[in-house]
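Following this line, the structures themselves.
Okay, so chain A shows up in both of these, paired with chain B first and chain C after.
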Partner chain A sequence: MNELVFFFNQVVIGGVVLGSIYALGAVGITLIFGILRFAHFAHGDMMTLGGFITFILAAIVAGFGIAFPLPTGFVVLPLAMGIAAVLALGIDKGFYAPLRARGAKPVTLLIASIGVTMMIQGLIRLFFGSSTRSFFDGEPKKLIRIDLPFEGVTRPISFTEPQLLLVVLTAIAVIALHYFLTRSRLGKGMRAMADNADLARVSGINTRLVVRVTWVIAGALACMAGAMLALDVSLKPDLAFNILLPIFAAAIVGGLGHAYGAIAGGFLLGFAETLAVFNWAVLLRPFRAALPDWFEIPGSLALVQSEYKLTVAFIILVVVLLVRPTGIFKGAST
Partner chain B sequence: MSLVELRNVQAGYGGAPILNGVDIAIDASDIGVIVGPNGAGKSTTLKAIFGLLKVSEGTVSFDGQEITNWEADRLVPLGLSFVPQEHNVFTSMTVHENFEMGAFTRRDDLSDSLEMVYEMFPDLKAKRRQNAGELSGGQRQMVAMGRALMSKPRLLMLDEPSAGLSPRYMMEIFEQVVKINKAGVGILMVEQNARQALAFASKGFVLASGQNRFTGTGRELLDDPDVAKSFLGG
Partner chain C sequence: MTMRYVGLFSGLFLLIVGVGLFMGSPFTVRLMVEAFAFALIAMGLNIQWGFGGLFNFGILGMLMLGGFGVTFISYPVNEAFWVSNGPAMLGLTLLAAVAGAAMIILAHNVQRVGITGKWRGMVIVLAWFVAYILFRSQMDPAASYIISQSGWVGGLGLPVLLGWAFGGLLAAGIGFFVGKVSLGLRTDYLAIATIGIAEILRAVIKNVEWLTRGTLTVSPIPWPVPNPQTFQSWGYDPASSFIYARLGFLLVVVGVVVVALFLIHRAYNGPWGRMMRAIRDNHVAAGSMGKDVTRRQLELFVFGSALMGIGGAILVSFVGIYDPSSYQPIHHTFVIWVMLIVGGAGNNFGALLGGLLIYIVWMLSEPLAQALFQTLSNFSSDMGWGAIPDISSRSVQMRVFVLGLVITVALRFAPKGLLPEFVRRHD
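Right, the complex of A and B next:
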């Protein structure tokens, strides 16, 4: 039983946490793709930037000596998301909008977004250096333990307070996004534009407004994901650049342009990754007696070494593209 | 004063102009039909009115106001509505949501208009929660027309509404067009099925090479031996 709890802590909790981060990032990428038809490579660095904005705000608040029942990083998160949304609008206005106005092809915008990636990373390194920081230097990271009322179970289910908040906030964000896209006039207009941009224009939908709203949502969610990832692990300049590829894989697996697909793809990849790096030998050990004598349980029995966990995303991506080229949900194919 | 008036309109996609001086005038009581051979600039004329391509010369006016090169999100509230020939429904959205998108520029209560559209196309009422992409070609055309009517237009422009439809659906669409017109909405449509369309048109325009060739009532064009010989297949 202790081994099952270990499995739960490692795979289920780890998968939900990782899946939440992937899902929030992938939603932004898929929304931008649906509306503007290009792969926004700078999205990972918008996440990192969000992490740093949150860090600065948290440091300022902590400087005033104000203490909260929740980690300071989470308290300042809404404000950081607002700032990140404004920055996302600025990035669009400064770099992508002029290209669109000239009728640039999607690949041009993609290359421009790689430039934006380097610019954001460079600026972050310029101002903050390349060191790793923690949100929890000044306050403790609370560990939550739930003891199970079963005989012989000594290992508790355990997770940190940031992990719990991260999952709750992701759920709130996903539900809010769902209601926005299916109930609000502007949200439906966004879906209409992703479906058929020409017809959306003909219908009188203000497409410039839709583009702005897309950046606000994508920027805010990227900040949320980046800040929460930094709160869960630590903050560094290449925080989200390292997970950009699984995030893209999640968006593609879910069907590009499809918001729910991106969320499903994010959790699929999150769980796949934790399952693949899990040491399955742990679950075999209780059956030691039942196994033949010649069989020796290896010390490590993971499908993929954790250094190579990025490959998991790609294997899933390749398989999905072979079996269902438009993604799990039907997405835009172009 | 005409509801919509084009004067010597020249327009194109940046290269050589496709329209070389088109004149069209339609009243609110009119059903105007544009006919002509392929590449004559029929669809281009509608797109030029709707600001979907650049008018380089000439003027477009609506109800006395000049609207040359206005964007669609300003034209729709003014009372213009356009049904493109292809890709004219939001396939991943329900029939009902398609109608709501047609009324995007409106802030008032939509229930009257929705009721009217469902009354006009009773087939669609049962399918209102289905995605428009799952419907047949004829039903999609009805969704497209319903979507365009949701903005309460004063001028409805249709680009080949009968293209690819069975005769049954074609007649139904034409009947609805006449009914919409009787309710006080001016109609300007491009039609491949020229004879059927001119039969109920109050104004007909024959275009060729981006210019007016013949203009008259639908009846006059049908009876004109030159028009019949050159454009209606004898």
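Right, the complex of A and C next:
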């Protein structure tokens, strides 16, 4: 049984945590793609930026000597998300809106987003250097252990407090987004515009407002994902740039432009990565007695070595692009 | 139009002379060697994006392949590997790979014996899985054996120029497969697919320690011309030995760039180039006129990749060290896009100008930023606010910001670049 708990800790918890991060990022990318029709490469750095905004706010709050029962970085998150949303609007106004107004092709916007990526990355490193920071210098990172009431189980199910908060927050964000998209007038307008922008415009939907709301949602979600990722591991300037591609992979696997697909794609990739690097030999060992003698359990029975963990996402991405470029869910490609 | 060419290139020349006066000759010659190598890579991207409208975000992978090519060909032979069991085990691995490939090809053709639809898909997945297990069962012991017995495979000890050619060939070969699988995709999907493939290549090259030494890095990689140490053994003093050796290298690189530019420009102006532009501007129309669109695009992708591979090989042999972990998307993919967009996509001279100019800007923004921060720091400490900490590590980051600014400004105010594509009209 201990082995099963180990499996649960490694694969299920790891997959859910990774999947939540991917899902939060992929929703933003997929919304921007659906409304504005371009692959927004600066999204990873918007996540990092969100992480740093949260870090500064947390440092300020901690400087006043105020303590909370929850991690400080988590408490200041709503404010940070607001700031990130304003920044996202500013980035759109400054760099993308003029190009759109000129009628530039989506590819031009894509290249512009590369420029924005470089600028954000340069600025972050300019001000914060390239060192690694932690939210938990001043307060402990709580570890939650749940002992199982079964006989012979000594290993507890364990995860950290930020991981729990991340999963809860992702669930809330996903449900809120679902209600926004299906129930509110603006959300319906967004879906209409993602379907057919011209038709949406002639039927009286305020497309400018829709674009602005898209950036607000994408910016806030990116900030949330970045801050929670930084709380879970640590805050580095290249934090999110490294997972930008898995996030794109998640968005594409779910079908670019489909918000629910992006969430499913995120979790799919998260689980695929943890499953691929899991050492299956651990699960075989209790059955040693039942197996024939000639069968020797190898030391490592992982599908890929752990150095290639991120590569799993890229391979899934490439395979999905080749076999089903519209994503694994049925639906029109936008 | 001609005035624009003359003006911009003489401006660039003056800039180089100015850099030479301020920063000293050894630095400037080094800068020029690397700038010409990057210009060659930008010309490769121009073939793909400028001629054919193919979006390639996987330049980094091609540069790594080129670098590996020159390392493998020109690095001295590792005797310990060739006398060990290593080659035999690698032979077995190759056999396993061939067997696996045969199995996969057979599985893709099972519809001929009546297995179709869902079952065919399952057979294909199963074949891939079995082939992967088979390959891993031979590869893993061979890799750990080679690492423990002889460190790594080593090189072949052949001339460096052959290594450059092999680097180009290797990149072209892999580019063929990349193009084959991904060229059917639309622009932004193509961008993401190529970047994904490049990341896979990067992860593999970084981790196959038996072949590339991975993070342990390979050095010194020989030069095609006498290197500074050779000049010093001939009795030159260190300072002038660096200038002469780098000048020799620069001559070779400029030669390669001139030959490549001549060939590309001829191809661009010839019927082949016209056909490519026709496909780029309207591939449906070109297809209906009987042009084999996918095949032509594959040609462009392969040619562009070859130039990128050669450029990557030149960079590695100039620096003299092959370090797979030093490759970064920003430094090796996005910068080249900035070069092409600023220089002018679709114009070969634009790619050359953009490559040289942006590389100089890229390298100069560091010392300039350092000077700026030093001034600011002096000012703030004079005012009693304290100095700015870590100036040197911060100013390195300035160049990333500067390039981001350059490309966004260029896209907004000069989207066609400094030297726009020349469109000849026959009215």
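Structural remarks
The rule we apply is simple: the second predicted complex is superposed on the first by the 325 of 334 C-alpha atoms of A that agree within 3 Å, B and C clash if a C-alpha of one lies under 4 Å from a C-alpha of the other, contacts with A are read in each partner's own complex, and residues count from 1 in each chain.
By definition in this document, a residue touches a chain if its C-beta (ideal position, glycine included) is under 8 Å from a C-beta of that chain, and two chains touch if they have at least 3 such contacts.
It should be emphasised that the depicted structure is a prediction, and the values quoted were computed from it without experimental measurement.
Annotation: superposed three-chain arrangement on chain A; chain B versus chain C shows no clash, the two fitting side by side.
When chain A is checked against chain B and against chain C, the one touching more of its residues turns out to be C. In the superposition on chain A, A:T154 makes contact with neither chain B nor chain C.
Of the two partner chains, neither chain B nor chain C is touched by A:S306. One geometric descriptor of the composite model is the angle centred on chain A: between the Cα centres of chain B and chain C it reads 90 degrees, in steps of 10. After overlaying the two complexes on the shared chain, residue contacts for A:S203 are found with chain B alone; chain C is out of touch.
Of the two partner chains, chain B is the only one touched by A:R185; chain C is not. Within the superposed three-chain model, A:S134 lies out of touch with both chain B and chain C [touch as defined at top].
In the superposed model, A:D195 makes contact with chain B only, not with chain C.
For the pair chain B and chain C, the model built by superposing on chain A gives 17 Å as the shortest CA-CA distance.
Shared interface residues of chain A, touching chain B in one complex and chain C in the other, do not exist. Residues 50, 52, 71-73, 75-77, 82, 84, 87-93, 97, 100-102, 104-105, 147, 151 of chain B touch chain A in their complex.
Looking at the complex, you find that chain A touches chain C at residues 33, 38-39, 95, 98-99, 102, 104, 106-108, 110-112, 114-123, 125-126, 129-130, 241, 245, 248-249, 252, 305, 307-308, 310-311, 314-315, 317-318, 321-322, 325.
By the touch criterion stated above, chain C contacts chain A in their complex at residues 55, 181-182, 185-189, 191-193, 195-197, 199-200, 203-204, 206-207, 329-330, 334, 337-338, 341, 390, 393-394, 397-408, 411-412, 415.
Within the complex, the chain A residues that touch chain B are 185, 188-189, 191-192, 195-196, 198-207.
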